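Okay, handing you the structure first.
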Amino acid sequence: MTTFGPIFVPASLREAVSDEAWLAAMLDAERALARATGGNADDEAYRPELYDIERLCEEGRADASPVVPLARELRKRAPDAHNGATSQDILDTAAMLVARNACALVVAELDGAAAAAASLAESHRSTPMAGRTLMQQAVPITFGLKAAGWLVALVDARRRLAGVRFLAQLGGPAGTIDPEITSRFAAELGLDEPVVAWHSNRGPVAELAGALDGIAGACAKAALDVVLLAQTEVGEVAESGGGGSSSMPHKQNAAAAVLARACARLVHASAGVLTAGEHELDRAAGAWQAEWPALSAALAYTGGAAAAIRRSLEGLRVNADRMQANLTVEGDIGSAEALVDRALAHYRENAS
Amino acid sequence: MTTFGPIFVPASLREAVSDEAWLAAMLDAERALARATGGNADDEAYRPELYDIERLCEEGRADASPVVPLARELRKRAPDAHNGATSQDILDTAAMLVARNACALVVAELDGAAAAAASLAESHRSTPMAGRTLMQQAVPITFGLKAAGWLVALVDARRRLAGVRFLAQLGGPAGTIDPEITSRFAAELGLDEPVVAWHSNRGPVAELAGALDGIAGACAKAALDVVLLAQTEVGEVAESGGGGSSSMPHKQNAAAAVLARACARLVHASAGVLTAGEHELDRAAGAWQAEWPALSAALAYTGGAAAAIRRSLEGLRVNADRMQANLTVEGDIGSAEALVDRALAHYRENAS
Amino acid sequence: MTTFGPIFVPASLREAVSDEAWLAAMLDAERALARATGGNADDEAYRPELYDIERLCEEGRADASPVVPLARELRKRAPDAHNGATSQDILDTAAMLVARNACALVVAELDGAAAAAASLAESHRSTPMAGRTLMQQAVPITFGLKAAGWLVALVDARRRLAGVRFLAQLGGPAGTIDPEITSRFAAELGLDEPVVAWHSNRGPVAELAGALDGIAGACAKAALDVVLLAQTEVGEVAESGGGGSSSMPHKQNAAAAVLARACARLVHASAGVLTAGEHELDRAAGAWQAEWPALSAALAYTGGAAAAIRRSLEGLRVNADRMQANLTVEGDIGSAEALVDRALAHYRENAS
Amino acid sequence: MTTFGPIFVPASLREAVSDEAWLAAMLDAERALARATGGNADDEAYRPELYDIERLCEEGRADASPVVPLARELRKRAPDAHNGATSQDILDTAAMLVARNACALVVAELDGAAAAAASLAESHRSTPMAGRTLMQQAVPITFGLKAAGWLVALVDARRRLAGVRFLAQLGGPAGTIDPEITSRFAAELGLDEPVVAWHSNRGPVAELAGALDGIAGACAKAALDVVLLAQTEVGEVAESGGGGSSSMPHKQNAAAAVLARACARLVHASAGVLTAGEHELDRAAGAWQAEWPALSAALAYTGGAAAAIRRSLEGLRVNADRMQANLTVEGDIGSAEALVDRALAHYRENAS
């Protein structure tokens, strides 16, 4: 349903949050459950190609969950499957698997963006330009310092995501499953083990959403600066291969930065769904179900934002002469260079 | 990218907001432009099957717009196409065409929901039940009065949408096109004619978004009441064919109401994107592009909410005995019946 | 609790949404109730100075409502007061009275802003400047056309608010009061009469919130353009008496436009509270109570946005020479002048 | 401007985020600056009672900042004050000081709430009740397990806040100040030292906002459960001294839980302002200014949510007989007791 998806989101990320990816993750969860409970997990039953996610969704409408029909079909092939689990166990665990995979892709884009920002900071450590506050020239800075600001924000946003734990969910119908089983289940999947089931205490989801929103926000901030510095009247940067126009061939739009900003707005909206939830009693009647599309969207557009700002920064053409020519305010660049060095050191310390 | 779409959104609505539907609408806009400017509109060039929206999106990434490559291809077939227009003219007009079509589907579901609410209000005009405030029994009401409250909300939400105008957009690169041409263009498409171009003054989009959010909110309110009245300990209503569970065959979840609530949350998030926008100067660098997926999502999930609450209410089993048995507070039903009649009269006055 | 209120919101509006204003409105509602039910309304009991809203709030915490202690105190003076009403009747009616008063102030600021925009549109009907899309110069427009775009948006936002009905609320504990009484009550206060009580069907609140958000959005759009056109490198407009800086006396910030944008963000957030609500059964357990501060904030900051953009536009210094000098794209202004005339005609038609 | 503040927010927190508290914090920042730059910091000049924040705000409207007039007045008394700083340095640092103080109050309430949840978990470790999913009875749990779920959420939300760093801000007009000075400045105030200035890279603010929203969300979740379990038809818990009604003396509303939910909605809205920001270049023209009231509101209402749920849980009356009587589903409580023990151990490990 996402309009013009390929404009916003790289193919790998669209795949990583697709219904097919969710189906595969649900089956991974079911297989891990079988293993954790001593069931027959080697069964062929867990192969995604045996199932039709579209049809499961049609059928699942009656139950407000695709896992109800999935478990039914699965048990035809593996009669002891879905043993002790509730559909939310499978879906929440699948959500975390999907998120973990998608986040790896997000981080790869983010790392590319950070590397590009670092390179700009280094190359333009001493390139003077106007600092601008409330959109007015204030005092001189260097372009390296501006890029250093983006860099620190990207690094810290990445670090925030690195602190997010991807938790297994296995509580059974109302969260009373033996924690030993949950522990084995989590270990099977390489997920973290929760203290108790988090069926309706959604802190883990909110934390992930906040981290994604933080990444998208860091990308959008750099993108906004690119758009502003690329204005015709400013002309201090340009995207290489900047976007054209259907009616004005002379235009050189900062198309990638524009897309990063658009993606960030969409992440923010989805993050709002993932953080707003009061979930009723032991499983929510609406707030939980809304998480599925919101999580996919948050992941995908965060990746879109990161990929777009990476593209923008990697190819950014910096016009140092124009920066100098535009500079109408007096003063020196203060400690701009030393601050660039601090930012680069911070980047290196936090590199994976 | 929408996870488990068929669980939430009817097929007709998913189609109505699909990329293919947007493509067709863009081509309708281009054809109307050709007609409005005296171009060759009878050309075969405007058939959607000639274009590959996926590929246009891939190519459009460089320009942050699918219309740039579309116009390029279109002109190969119809050299005078896209004459005087900017890509935003085509996309905004397409957005309004898509919205108009989708809204018709939304309204059909909403009308069904309203009819079901009206029928419940009428049948249970005098069926006593507990009024509950802050989740405590307060004084008696009738179930008809509760349904009447839903009904008035649904009717008024529909009326609000009916007041939304679907505007053509044709301003050219920066909004200076001859308004006569815009007028002809709008007439070709049966859209309203704007006073001036609304490329970056997005009131019309915000109003539509608000109306959709209002509809979803009215649906979700009724859904919440269904969920609460269907609680095991209350048991005053049940959805027929209520949803099951993968682990607890005895359960009868109010699955449709649950989905209506989930959809409403997703609408609200998307509406936030569509109402938050400060759009820069004569075309926005991010806020506009974010509208495309947000609008599709808002339309689709509003339809999902309406379809789900319709399903819930159409099949609602009302347990009047349980309502009576639960009633622990004293008092009479006051003017509940007269108020039901007022609501039904309001409904009939506002029926299409 | 609003930080630095006087920076954002005119004194009259701060007063209009103050706790004291709410108290007075609650007492107006109680007095109207007394009249509508044949009680003793001439009593001195309804004078606000007899009550201490701070203390009522302290006491009201136990009941999650200031009306519970207020009604208690009121009845000491007017024993038949609060007859048949529930606390939500009084609070919702007071909310609508507060909103109506505050909206009058908002509209006055908005009218000032529209007049200023109209004057700019007229004076600069033919002043050429660059149209800018995605922040790049596109084709020429006139500054009058840009102002005309703001003007139409302000006019339409005002018209949208004009369509909002301020409804009385009088349903009694669960909405079953005789509609004749509600009718008399509404007439006493000059409020509209609802079909049925809207205690937990909050469409009327959502519609008001949407209209306020729409106004703030229209103000913020013009403000963003002012900020962008006032950039050092663009220099096409400046606020007269533009704000200074604590460290840079040379700076001329577009301070009023900046505040308009800040206010609009705060309106948007509050509007989100007012439109997100699923209210449980016959009175909500949380969503309703959250409306009180959100409504005050939405009203106040909408007024702040309108007052700020009015101030910005009323004193706007337009530098036509700079507009001409900046213009690097070729082409003519098309129908810009005719479109300005359309906008001005639209403005005059919709003037109060 | 906050309507009925004392209903929602404890007096200490209202004070902690008051304009007076911001003023004192701004002066603390100015004094620390004087010390860090070798100025005359012992001067009497920094006493808050010398300044009138209301008047500073009136004057500050012209500059969109209260620091511009404050610095002007301050320099009359301490001529070398505000040396090298920009108004945002002072305001951002003040924001962090205000936030640190307010968070201490929030945490105290949160600790109280956690202690109450722990006590409930312990006392009702083995008290059987119905687990309820999608609002239907599912399988038995214990009330201790439900309280354990709240407890873990509260503990983890607190832990998340503990990870938030309160950063000093001292960059000068555009972020080029010698980091040695910033380091001394931060040390004076006991704040963390940033890598580079974060004037327009707002990750630190977003992280704080996310943590507050997480706390409010954890409180609201417990509150929602209280409200649901306190329903007339369920009757498994009641707030001691539960709120009354202006018209129905028999009612026992879960007033504190209701307020916690209301507060959480208001936090969420404000957090949205604090996380949505793309800040332009080296200081934002609107997004930054909107942070001031949003931060105060987020802090205050988070404290309100924590205080309210604490009050609710501390006085919660648990009706174990009713829990047993309501239980219509079969099955045993599984590992509920062991899970309670895990939660309690987690609580103890994370206690301050």
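Chains: A, B, C and D, in written order; residue numbering restarts at 1 for each.
We adopt the following convention: a contact is a pair of C-beta atoms (placed from the backbone, for glycine too) under 8 Å apart; a residue touches a chain by one contact, two chains touch by 3 or more.
Fair warning: this is a prediction, and the values are worked out from it, not measured in the lab.
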| item | value |
| --- | --- |
| Given chain C and chain D, the chains that contact each of them | A, B |
| Pair joined by more contacting C-beta pairs (A-D or B-D) | A-D |
| From chain D, the most remote chain by mean C-alpha position | B |
| Chain centre separation (chain B, chain D; CA means) in Å | 36 |
| Rounded Å distance, chain A centre to chain D centre (Cα mean) | 26 |
| Per-residue overlap in chain C, given as positions that touch at least 2 other chains | 64, 86, 132-135, 138-139, 172-173, 220, 223-224, 227-228, 243, 245, 248, 253-255, 258, 261, 264, 268, 272, 276, 285 |
| Parts of chain A lying in touch with chain D, wherever the complex brings them together | 64, 86, 88, 131-135, 138-141, 145-146, 148-150, 152-153, 156-157, 160, 163, 172-179, 195-203, 206-207, 210, 213-214, 217-218, 220-221, 223-225, 228-229, 261, 264, 268, 271-272, 275-285, 333-336, 338-339, 342-343, 346 |
| Residue numbers on chain B that touch chain D, as the complex places them | 130, 132-139, 227-228, 230-234, 243, 245, 248, 250-255, 258, 276, 326, 328-329 |
| Complex interface listing, chain D residues touching chain C | 1-9, 14, 17-19, 22, 53-54, 57-58, 60-68, 71-72, 82, 84-87, 90, 172-173, 220, 223-224, 227, 241, 243-248, 253-266, 269-270, 272-273, 276, 285-290, 292-297, 300 |
